[in-house]
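In the two complexes that follow, chain A is the common piece, with chain B as its partner first and chain C second.
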Partner chain A sequence: MTLLQTPVAPEKRSQARDEGKLEKATARRNRRTYLALLLPGLLGLLVSFVFPLAYMVRMSFNQGSPDGVIVETFTLDTYIQPLTDPYYWRVTLDTFQMGVTVGILCVLVSYPVALFLARSTSKWRGLLIAIAIAPLLTSAVVRTYGWMVILGTNGLINSSLDGLGLIDTPLKLTNNMTGVAIGLVEIFMPYAILAMISGFGRLSPQLEEAAGSLGASKFKVFTRVTLPLCLPGLLTAFLLVFVLSISTFITPRLLGGGSVQVLATEIYDQTTGLLNWPFAAALSVILLVLFGLIIAVYQRLTKKIGG
Partner chain B sequence: MTESKLSIVDLTKRYAAGLEPAVDRLNMEVEEGHLVALLGPSGCGKTTTLRMVAGLMDPTAGSIVVDGKEITHTPVNKRGMGMVFQSYALFPHMNVEQNVAFGLEMRQVPKAEQKARVAAALDMVQLGHLSKRQTKELSGGQQQRIALARALVVEPTLLLLDEPLSNLDAKLRETMRTEIRSIQQRTRATTLFVTHDQDEALDMADRIAVMNGGLIEQFGSPTEVYERPRTHFVANFIGQANFLTARVCTEAGRANLAGESYYKVDVEGLGQFGAIGTAGLSGSTHELVIRPHRLSVSLQPGAAQAPLAGTIERVSYTGDALSVAVRVGGQQLQAQMLTSSGDLPRVGDAAYLSWAPDDAYILPTPAVPERAAAA
Partner chain C sequence: MAAMAALSSAVLVLSGCGGGSEAASSGSATSGEVNLIAYSGVWQDQYTAAVIEPFKAKYPDIKINYASKRSSAEMLSALQGQKNNPATDVAIMDNSVSTTGNKQGLFEKIDTDGVPNLANVQEKFRDKEGYGPVAMLDAVGLVYDTATFPEAPKSWKVLWDPAYAGKINVNAPPSLLGLSLTAITSKMEGEDYAQSIDSAVERLKEMAPGVQTFAPNPDEYQNVITGQTVLGLGQNARGQFYSDQSNKKMGVTFPEEGTVYQINTINLVKDAPHTAAAKTFVDYALSAEAQTAFAKALFYAPSVTNAELPADVKDRVVPTDGSLNIVPLDVEFLSSARDKWTDTWKRQIITK
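Entry: the complex of A and B
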């Protein structure tokens, strides 16, 4: 250390020490300021997020009963039942399958729109994006009812096809998974489009031009440059739609007409219908674990493709 | 004359009907192995021209011929050109090697050959050791070299460079200038180079096309465009220049084998001087171009014949150069002096200017008062 080798006047040395002390004190004060600034937000999170979550986890270990009485205890029965009963395996699997199907379909139909919007240099771009996400202005309930009108037995599609003489018996498009999937795909498109547009940051027209100038046909430019660069955006959109799908309740309930049972509708039934809160809480925890798994896989994937 | 590598015939680009064309009936012949700089201010149509040659943009009219084959409407991926973009446009999801191999892969070159050619191309730009790196880990200069290697590895019919140096810092730009030029000369790749930097163009190019308002104002070697500018724009854009409007009086004899003559010219308010210009200019009014370093400045009324007396209005000293602005009559002329350890001239000092007839060039185009881009 130079300080030890070169003689320094004692008063100077103490000054240096003071400065060091001062710096540390300032750093400490700064840290305290940051903590103070963070506190309101942390408190808010604690009250509105951490506490309810902890309460739910605790609730899941309680004992429920058919008359709605919750017995404070610590039991794993609420978990053993769904994990051993094939019905709940079915529901969980259906939920997962619905999430994946809706996620994939939604990404497929949203991708062209998002790609167009992301590349557009038109002065109408802002307006077009606004139109693409405008459906968010109406509630999912209203849009679900809209789909019931269109997809129903005497709905727009069936009556049109019937009128054209293409079908004899109406297609079954509601009260089943098909209807739920169609509805969910449309309802989540705006989210998917937004997620994609923000995820296409690495895409640039110059990269596609460079690929073209190096001899790539339009198809090759798409498969070798455009699509790989879109992948992070597509994955994000898929994850978002997947998470929204498996946690949504209104559309599966209304378009499913009671014949589509997913975790969200099951939790709703257990909570409000059967008043079995511990069991509903256990199902919620299972759903949460499912989310967690998917997000872990997603992060692995994005790291791999360098998003 | 040998068949030219690239011929551009009446090439026109109009972005929208009714708008001024971005490129207006442009004609150019590029010889094999030459590096041609398209030089001009922004919006002069140089990049538009390059993009039309590359096939990234459709011309409104005219044709582009490479090696005697018309390619005006050939799609970009069938033209076999190598392009280096201003932003380098390296593929971010591929490593260095994959980037360079991309063009070969598209041409379905066998894997083993690809490997050898990529290695050779990377060695050429001295980055062989970085082949496995991700592109984002590279510095600007390295990305530039990779982009160059990627364009050259396919042995392009033409190498197209779109302001390749503008994203580099000043020091690196000089190095890359020399390096690009030497690689270009080694590979004998016929090259079109878009730039707005006159130094770059003068330093690197075999021919310079000075562009303005969608037109080529002059197409010639660096010395031609600097020493014998055809228009006011060219003289003004390349290097510094003093302009004097003069009436060309009598021809005073042939000056050189190029058919140029010496003239006596009459500069209003300043007197009669000698100048040089193309034959047959007598009797009309033209502009004289005198480069600042060709004006000799003396602080004493020396022996030079008929020196112009004036006052120093501004002195700018940058160590190895000393430039002064001298007010003579109604004009301010820029001149350069040699720096010496002696006293610097001061503002207000008297200065005496003179020039040799060879140093005052008469622009061949007649002077138009406030010339508004004579189309």
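Entry: the complex of A and C
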């Protein structure tokens, strides 16, 4: 019973502080049991995550060569090269910009859907949520190919616009960042919706009604009550989509047509095309550090908003 | 690790295989299995039908496990990962990449001892140091839409023609197609690519704005067949195959300024788990029967002297008798220039 109650306690901390304190005390008493229960998971994590990560970090200090030979050594060249080369700064900046753009657009288009689903009292709510996240059942590769068909020069959009006589030459919607952004926004929408719904815990219709009864217009209720209460959910969704975007490889590769160079595609090229594993590992570590920095900033931001 | 090695030795001694004789450690030549790593997609389909299935019929006790990869570099990457504990026996890959594998000590030398058909491989297609010989040859071609070009374009210069801007696909390096185009352009500009590719880069920069994609998907042939593009780089063999598949909607040609060979070698992995059976497979792959069958299936030129091709196939595979204008792309040079040229494309040629 205790085991079942305790993991739920942190989420309800704000509502039931006393109950939380009691459960914290129980948790302390059962620390050894928890450690024993965690051990299989930790071991799995060690083998599947920590060891490969350590191998990658070690690899990043080796010396690569143009013909794919890896020299076991300890050098910082693999880090100095990307950090002193404006090209890699541009690639990093493009990666960052892609993450921010996709994050913002994804939050914007997902917010109305998530808000509707969070507030819905319909008996079909469960089904509607399932429909909203159903695209996750299809592989991102398949959906990216779908977008290639839709956005291509002879695709659905260009053919329709051409058929309506609105364009003479096809719009360039693919093989560039525009195509990548469109594809990524759609692909990450289900994640954003889920993150938002779970982050809308403080949203309450009563608070909105109270604001309305005190004379606030619908717009004011939204900007002063609804939106601020949604902010933690929106930020979580943004962070999730941002992190997924900057690490994604398939969509920039397929919809970017070789013209979109981001850290993930660069790592792929270095690993499988040029066989320079040390350099690819160094770029991966840089991407990881970038993740860490973003998450640190995010935590500060959420603390500020929460506090 | 030491304990594992000791345990393995003990098992070998107990099972009577401790003498370390080659036959004992490499298994039987007519039974067991062979782990093959080679290209994916249509190449895999056609090689399976033309070579692997007949091999299985001839040697029913040898099982072939085919691990497919999209490129030779991916194959090498997989082999590098297995270096200390090889799981692959045979690798069929591009010679610019297998040369790197030879240098890294990933492959075994092959002689006529276990592979008698090696004697039938043309002298020029045998490795000087005795590593894996050439298994098949192809060359880079210009792929075109037959509705736009009722007659095959004669020059690579058509890629610069503003009339086709936005309707061209070019596979950028590290793809061999892009590396080959760099060498061809360099030759067209009258420079020696081994010294400098500056003029070629300037010319390619003029072409780049007209390129629709530098990484065609699903591939360079389907893009032309589906009408996304009308021109592109491609390999002759696959181009011929897809030309038939598409009812000649797409064609492939060798322009007059010359082209670059794409050569695949067949390699025996060093310390492979099933060496004897692997040699049986390599020998079969170099037989006239297998070489002819694969040429008929996917239009790769055989590397052996005793393969007889029907006239309609012979006309469509890349000539290896010196009649085709070839831009020589030295594999040793290429393995060192690949990353520089790739970098140049990314920084200077590819447009956003």
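Operating definition for what follows: the second predicted complex is superposed on the first by the 270 of 307 C-alpha atoms of A that agree within 3 Å, B and C clash if a C-alpha of one lies under 4 Å from a C-alpha of the other, contacts with A are read in each partner's own complex, and residues count from 1 in each chain.
We take it that a contact is a pair of C-beta atoms (placed from the backbone, for glycine too) under 8 Å apart; a residue touches a chain by one contact, two chains touch by 3 or more.
This structure is a prediction, so every number in the text was calculated from the model and none was measured.
Engineer: Answer with clash or fit: chain B and chain C placed together on chain A by superposition.
Structural biologist: Chain B/chain C on chain A - fit side by side.
Engineer: Check the residue A:69 against both partner chains and state whether it touches chain B (first), chain C (second), both, or neither.
Structural biologist: In the superposition, A:69 contacts chain C only.
Engineer: Should A:236 be classified as contacting the first partner (chain B), the second (chain C), both, or neither?
Structural biologist: The answer is neither, since A:236 touches no partner chain.
Engineer: Have a look and say if chain B or chain C is in touch with more residues of chain A.
Structural biologist: After superposing on chain A, more of chain A is contacted by C.
Engineer: Under the stated touch criterion, which partner chain does A:154 make contact with: chain B (first), chain C (second), both, or neither?
Structural biologist: Only chain C; A:154 stays clear of chain B.
Engineer: Mind working out whether A:273 is in touch with chain B, chain C, both or neither, as first, second, both or neither?
Structural biologist: second
Engineer: Is A:206 touching the first partner chain B, the second partner chain C, both, or neither of them?
Structural biologist: Touch partner of A:206: chain B, not chain C.
Engineer: Can A:176 be said to touch chain B (first), chain C (second), both, or neither?
Structural biologist: After superposing on A, A:176 lies in contact with chain C but is clear of chain B.
Engineer: If you've got the overlay open, could you tell me the nearest Cα approach between chain B and chain C in whole angstrom?
Structural biologist: 44
Engineer: Going by the contact definition given at the top, which residues of chain A touch chain B in one complex and chain C in the other?
Structural biologist: Residues common to the chain A contacts of chain C and of chain B do not exist here, since the sets are disjoint.
Engineer: Tell me, which parts of chain A touch chain C in their complex?
Structural biologist: Those in contact with chain C are residues 66-70, 87, 145, 148, 152-154, 169-170, 172, 175-177, 253-254, 256-261, 269, 271-277.
Engineer: Spell out the residues on chain B that touch chain A in their complex, using ranges where they run on.
Structural biologist: Those residues of chain B that touch chain A are 54-56, 75-83, 85, 87, 89-93, 102-103, 106-107, 134, 150-151, 154, 160.
Engineer: What does chain A use to touch chain B in their complex?
Structural biologist: Result: residues 202, 204, 206-207, 209-218, 220-221, 224-225, 228-229, 305-306 of chain A touch chain B.
Engineer: Looking at the complex, which residues from chain C come into contact with chain A?
Structural biologist: Checking each residue of chain C against chain A gives 71, 73-74, 76-77, 80, 99-100, 103-104, 166-167, 171-172, 174-175, 212-218, 226-228, 335-340, 342, 346-347, 350-352.
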